[in-house]
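Per-chain residue numbering starts at 1, and chain names A, B and C are given in the order in which the chains are listed.
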């Protein structure tokens, strides 16, 4: 899969708190980072989110705010990751700032060049990356329903979606696919065995 | 009216689900696309949103995430529109990607050039445009209250806002306007008859 | 403190409405502008938000949508600030538009160059800046807990956080700090007397 978002954190659901319309879901990465997402209850049910489930948290770079230097304020953002500036992709108006987290992950923020200058950001500057729970998308692993017909399109045919303990279900946008007892094979690309190492381009 | 957002979908309200603070509102376009928006209850009441009402859903390009290729994940975003890349506006850091939807509409996403390269996006690439319900603004048509005084400013004088079945109420920012029994005339620009075809510049 | 967000409004909490998961908090600036933020209840409790408390509302430029000219629609965004275009920072794809508000503050919006052209924006164009309550971060002033040990790191040691009526508590990312009875001194930078005038670089 490719996703355009620059920030994708793999982890497990470690808490779910449901409200009347919204629910708060916490993901903990293998490195111990915790990401809180705010979803609709409908999404929590639709994705079958529950404690222990594998999930990914996705945050686009423009949704990340950076704090640097001293602060006499404390912020409401549920997600506040401390790190160090590790690189820049500079443009005329905007600049992508990459932040290395202690656990080895990287967070990217899209901020203005004006802000980079105002904050005096350089490689090595310690910063905090802030983002709201309501700005986090969650994804869950898809697994095959035994008996799925070959060639179905998961996006067009929701009954193809589902899961079992042993089989990974891949889908492909707008292209045929093959479902085997052992999972799904995408001819010429990769097989179910590589599902766990699916590249996150985004 | 002009609005800076690149994505404006006209439709009708087809569902409203209220919570204690937030409400979920579904808009269905004439082409059959469904957009789910998360608003505050205060906004739902203020706009008088109810099933059957005309409305527009507005989503800025930076709030849209793109998925391409195969995916072993399913995402929480309530809005997931399938389409095909139809064009690019390229920059140094960011790139606006236009996606043609089957019904003829276009969705624009602002993603990094890095992501365009990582996903190998070219014209014709099938993608899914994801955006959260909490990232959608809704707008409703304004109509005239019979008896509104000529020259009032809707933004400064909320009592000017309102609606009737037969009259369209236009407002203009910071400039005088004329209210007639048949609606509103903006001298030298357009009359109430053109309200339905109001250009969405954004 | 430096924050990358272009829009920072200082004010006081003038209303708090709590729900089961989310809460709506209103900030009123000294100039009389009102900003509504949607937070999680957990954040409201964690920040100790209550009516009368000093707070800042932070909104990144990409979250601001602009309306110009006439409109036959009214929008759900809880925050709608009227102003006048006062300047541009132009890029290949995106453009930062600065908007002067009547009270003297400035709001920045990141929109596409395409939108600037479509809306025919020039200096002096009257516009409305829209942003959703769920896109606003809130910050509250930190004050010292009498007895805090010198040199503690507020980010790593939450027990260092707190407040008293008389002492301002500053924290610094990844660097030692000194806590004095009169507040906090950051050697070589500034003392507690300047805390109120802390520069918001973002």
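Heads up, the rule we're going with is that a residue touches a chain if its C-beta (ideal position, glycine included) is under 8 Å from a C-beta of that chain, and two chains touch if they have at least 3 such contacts.
Since this is a predicted model, take the numbers as computed values, not measurements.
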### Query
Can you tell me the C-alpha superposition angle of chain A onto chain B, nearest 5°?
120
### Message
Under the over-half criterion for shared residue numbers, do copies chain B and chain C use the same patch or different patches to meet?
### Response
different
### Message
I'd like to verify one number: the distance from the centre of chain B to the centre of chain C, where each centre is the average of its C-alpha atoms, in whole angstrom.
### Response
26
### Task
Find every residue in chain A that makes contact with two or more other chains and list them.
19-22, 38, 62, 91-92, 94, 110, 134
### Query
Which residues of chain A touch chain C in their complex?
17-24, 36, 38, 62-63, 65-78, 80, 82, 91-94, 109-116, 118-120, 126-128, 130, 132-134
### Query
For the complex, which residues does chain A have touching chain B?
1-6, 19-22, 37-40, 42-44, 46-47, 56, 58, 60-62, 89-92, 94-96, 108, 110, 134-135, 137-142, 155, 161, 168-175, 186, 189, 195, 198, 201-202
